[in-house]
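Just dropping this structure here.
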Amino acid sequence: MKKGILLIAVALLLASSLVAVGCPRPVLEEPPVEPIRLGAVNPLGDITGRQSAQGMKLAVAEINAAGGILGRPLELIVMDDEFSPAVGAAAIEKLATVHEVDIFIGGMASGVHLAQIPILAKHGRVTVWIGAASHLVEAAIAALPDHDWYFHLHPWDYQQVEGTVEGWAAIVEKFPQIRLDRMFVAYEEGAFGAAGFAISRALFADVTIEGESFTSAVFGGGDFRAVLRHAKEFNPDAFVWVGFDPDALGMMVQAKEIGFAPPVFLGTPPGWPVGFGEIPLSEAVWLYGMWSPELKGVSPEAAHFWWAFIEKFGEEPATYFAPLGYVNVKFVAAGIERAGTLERGPLIEALREVRFEDTAVGWPLTIAPSRLIRHQGFTRQMILQWQGGRQEVIWPFEVATAEPIFPFPRWEDR
Amino acid sequence: MRNWRYIVYIVVISLAISFPFYAGVHPIHVATTILSLLALALSWDILLRGGQLSLGVSAFFGIGSYTTVLTHLNWEVSPLLSIVLGGLAAGVVALVIGLAVLRLRGLYFAIVTLALTFIFIVIVRNLTDLTGGAIGKLIPSVIFGGDPAMIYWLTLAIAVATIITSEIFQKTRIHFALTSIRNNEIAAKSSGIDIFKYLLFAFVVTAVIQGVVGGVHAQRFAFVSPEESFSLTFTILPLAMCLLGGSFSTLGSVIGAGGLGVLAEYLRLMMPRGHLAIYGLVMVMAILLMPKGIVGTIREQLVRRKTASS
Amino acid sequence: MSVLRIENLTRRFGGLVALSGVNLELRENEILGLIGPNGAGKTTLLNVISGIYLPNSGRIIFDGKDVTESPAHIRCRLGIGRTFQIIQPNQNLNVLENVMVGSLFGQGAGLKEARRKAQEICQFLGLSRIERDITRLTVLEIKKMEMAHALATQPKVLLLDEIMTGLNIDEAREVIELVRKIRDQGMTICVIEHMMRIIKELTDRVLVLDRGEVIAEGLYEEVSNDPRVISAYLGEEE
Amino acid sequence: MLAKLRQRDYQILIAFIIVAAILAFWRPHVLISGLQRGSLYVLIALPVGIIYGILGILNLAHGEFMMLGAFFAFSLVTLTGIDPLIAMLPAFPAMFVVGIVTYRLTIKHVVRAPLNQFLLTFGLAVMLAEMANLIWTTRPRIVWVPYAASSATIGPITFGTFEFVYVAAAAIVLVGMFLFLTRTRAGLAAMAVGQNPRGAKLVGIDVERTYMMIFSACLAVLGPIGALFLIRHAIFPEVGGPFSLRAVSIVAMAGFGNLPGILVWGIGLGLAEAFVRSFRGWGGWADIIFFGMIILVVFYRSYQRRVR
């Protein structure tokens, strides 16, 4: 009996010392020029997080090749959050205390970021985040006594919808044959879809909206037939599905088999399956996005990024998180350059003033207050359409790469 | 000899308590996570000692999380009290469903506890007004103002309480009751053991622990959502830790949690991409090489050596 | 004076009638032998008495109380102790601890008291090496442990299910002596046994079951000459 | 393991036909999509049931093996341009080999070790999914064949017809397994092993070999199943996990080792889900039906055992 306690005690001792050893504190070396350290936390197991980290690396490599900033090289430390709040939070703590990074960047899932906010707040270092679109995150940031150090580049979920409201109004005005009076929203039942639906409902004031949830193929669902049938009965001007990448094929196939071809067929996944554009069903499907590969024909910066990324990593950027990661580093670098120092106050001031006329995602970037926080970057997303296997930009018209195909061609004609 | 043992004992306790003073903030975070998984693993093992394999740890964890957050938000209960309430709520739910599910045995019990987890997810997701639905709820501030050392000590206290509970279960009549039930229920009944009473007791006690751990988790990260709070990770990871360390003993879960926790941290450092594949491989290898877990295998070796020498 | 009375007991398993209208009386301080061919329902009867199965109809009166609906653990505490035909000792406990389980829960003793009582009983049955690992016991030791475990619940009635099986003659004789010794302590005993010699030597009275029914009852000599009993056994031989 | 049709089964069958008839008139779509979806569940659950019945192993990595089969078919389709239906043929032996290797290296050591097999098969599931992630990344992959969206119109209703392939495949796999287990020497030996491994060894059956063959055969079936799955679903490393869970749940519902039960409950669940979904706005509760039914059925079964 006593032996048991003893063993437990020894085990605890071992475990605690292992933990202590396992997370060594840095050996203090004095390099000739102290680098500027950027700490990023991404879900590296996922294509979005991995390519976003690659985008950051590309930017860092380019900046260092050009001599760094303020004469100092950039050093990028990327950690995995495994989509787990506990892991993501610990990663921030590690970057702050072990690697002693100067600035936090990166990010993706809102659930993970919520857990990171208290720790980021505690350190209060400048943070430039490119993910976590949930308005819950915005509320959590705004609830902090001071959040001047926080910059959010990704539009908030309600801003994304606001953008589409504006965009659709413009499209309807420019192309009178397109109507948008009745909308049916099929949304996945998790946080992503539920928020998307609730916000759409609130913001599309002049549109009659019906909605219904479905189980995403990510969670073993993928049977959308009931939802699609209800949508067909509703006979909407636009059918919008708010789900994930793996839902795309099922949506198209199952809509086709019941002959559901509304005038506007729109999907809003974070990315699309490999080769989606090549299947005939994709033609004239609308989508929302922060970015499109086709912008390389419009924006020099997007073109530069596209080819540099392919050259460096041997693969194409698959989602907008790749260019966004690139923009993340470029933005931070521009701010430091402008401030001429890493001191918090001037740096925040400088970042606020950073202006890009063009970025890797093909948009201008400026910082302005959002509904609740002071430093918000991008606020809009584009309206695009699959045409001939490419994601053509329809709106904003300034960066448009194509005219819309309307109405949605009948399934039989493909 | 005896003195020496107490010295080790005191040293370990003081090391564990003073950990935040000599370790960096990141190790404190990692240790906090490991300690909470340790409590879950040990609580799972306690029920397993009675022969019942539960796959419902996440269910009680989630109930604890949600109760904590909702009582804290709606009734302005203090964070610590709300965690206690989280544990109580999990206990009450366990009592009610235990009356039914503890009639089941083996894989049927396992599957039903797992199914219950999903049922709670669906309920929480659909009761939008109360729970915030699929999006979840936020707490405006983190417990102890986010002081990692305080959170560590709180988690340590819970882990130690779980270890003590486990040792109480091992050293009193409960131990005899549970092992007898696990060995053969009919024989246990005929020895005068009220099987149902003991299983229900173990089920409720372990659910309270799981609920409390869930409550701390929610207070530590200041939010709840169906996907995060009822995540199957909180069932599977503790299960793996317990089985790797060695089931049916306090030490097994402690070693398993420490081992797997530290391993995960190392792997994450060594290979940012693909470390989970190695993690799975380690699990497979460990179970093939040490089918009785680390503690079980070592104990077996000791017994063998003793027999060989005598 | 009867300790245990069973009235008109019937138990079915699906379509199979395992016990049909069984009546039985255990008199205080006797040793009753329960015999019958394989599948006659002997073990089922023991299981119904000890509460593992509930009967479909009939009554069980123990010590003047109706225990027909009582669960097994209550019956154990009231004083019905038993051993099992296929013994499954608790591998995770040593000999002494296995015996302790009986006194812990059968009598509600505390840990210390249970340990003391278990030691006493082990000594009484001649079980030494009580700190031993279960896996290294001889058959005789296991049987003794099983009896010790049942005795530790402090029963008034002890039901022994084929405890002699697997023992050689000398060992069986030793166990017979033990059973007698136990009875002399004031206990009532019911044994299921296959070997007729043992039944003859050990029991005061015999009850014969065949296909769930009592076909004979009485002294061994009377019963063994009963033509129905002979045909029941011969019928099985074929 | 393959209980003969008893009276109760006939009752279930009749109840089934009545439900189907009501649905056919009231909500024909429920009947069609429920049958199709349910058959997919049956298809995936059947090998789990067999492996459990004979090896006593509940394979938590089952869905991941299906994912592997699907990726195998996908690779063939994209590399050679063949039709996914033809890719089913090589997928069978390929997954058979995967089965033999998996059995030899791992499963062999945990047969009838209930706790360890949980952890082992879970570890396998993590490994398989993560390895697939390293090779193919998390980006979903799709193939497109025009017949995947084929449909038919009867009177006022239009519905997809391709998924009737799942119904046919489920029937073929069920009947094939049934015939194998009752009509062939190897099958009978497998049944004997499942019921009593020690006894089977005594009468000269090579138990080890039987285990390996059954396990590998059940994985082999997942090759073609994966190919069929691929035609209608995007595939990605995590695609299998939820199906492991569903398969195991259905096997539990059917009663471990009851193959016809898998058919009944798999399709029953498909119908129940489709039924709930057919009411607009109630789709979010469909999962509760799935898991609620599992709980009810398991309770009913254990209650019955108690009474009997």
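List of remarks:
Think of it as A, B, C and D in the order they're written, each chain with its own count starting at 1.
The rule we apply is simple: contacts are C-beta pairs under 8 Å (C-beta built on N, C-alpha and C of every residue); 3 or more make two chains touch, one makes a residue touch a chain.
Please read all numbers here as calculations on a predicted model, not as lab measurements.
Taking the mean of each chain's C-alpha atoms as its centre, the chain lying closest to the overall protein C-alpha centroid is B.
C-beta contact counts were set side by side for A-B and A-D; A-B has more.
With chains reduced to the mean position of their C-alpha atoms, the one farthest from subunit B is C. Once the centre of each chain is set as its mean CA position, subunit A and subunit D turn out to be 36 Å apart. Each chain gets a centre from the mean of its Cα atoms; for subunit A and subunit C, those two points are 73 Å apart. Our note on geometry: subunit B versus subunit C, Cα centroid distance of 42 Å, whole angstroms.
Multi-chain contact residues, meaning those touching two or more other chains, occur in subunit A at positions 45, 50, 189.
Multi-chain contact residues of subunit C, defined as those touching 2 or more other chains: none present.
Multi-chain contact residues of subunit D (touching two or more other chains) are listed as 130, 133, 245, 284, 287.
Per the contact rule defined earlier, chains pair up in contact as A-B, A-D, B-C, B-D.
By the touch criterion stated above, subunit B contacts subunit C in their complex at residues 172-173, 176-177, 179-180, 182-184, 186-195, 248, 303.
Residues 48, 53, 100, 103-108, 111-112, 114-116, 118-119, 121-123, 125-126, 236, 239-240, 243-244, 247, 273-274, 276-277, 279-284, 287-288, 291 of subunit B touch subunit D in their complex. Residues of subunit A touching subunit B in their complex: 1-2, 4-20, 22-23, 25, 44-45, 50, 78-80, 82, 84-87, 89-90, 93-94, 96-98, 111, 114-115, 117-119, 121-122, 134, 136, 139-140, 143, 189-191, 193-195, 198.
Here subunit D touches subunit A in the complex through residues 29, 33, 37, 130, 133, 137-142, 144, 148-151, 158-162, 232-236, 238-239, 241-243, 245-246, 273-274, 277-278, 280-281, 283-284, 286-287, going by the rule given at the top. Every residue of subunit B that touches subunit A in the complex is listed here, in rising order: 5, 8-9, 11-13, 15-16, 19, 22-31, 33-34, 125, 133-136, 138, 140-142, 146, 148, 163, 167, 170-171, 217, 221-223, 225-228, 233, 249-251, 254-255, 257-259, 261-262, 265-266, 268, 272-273, 275-276.
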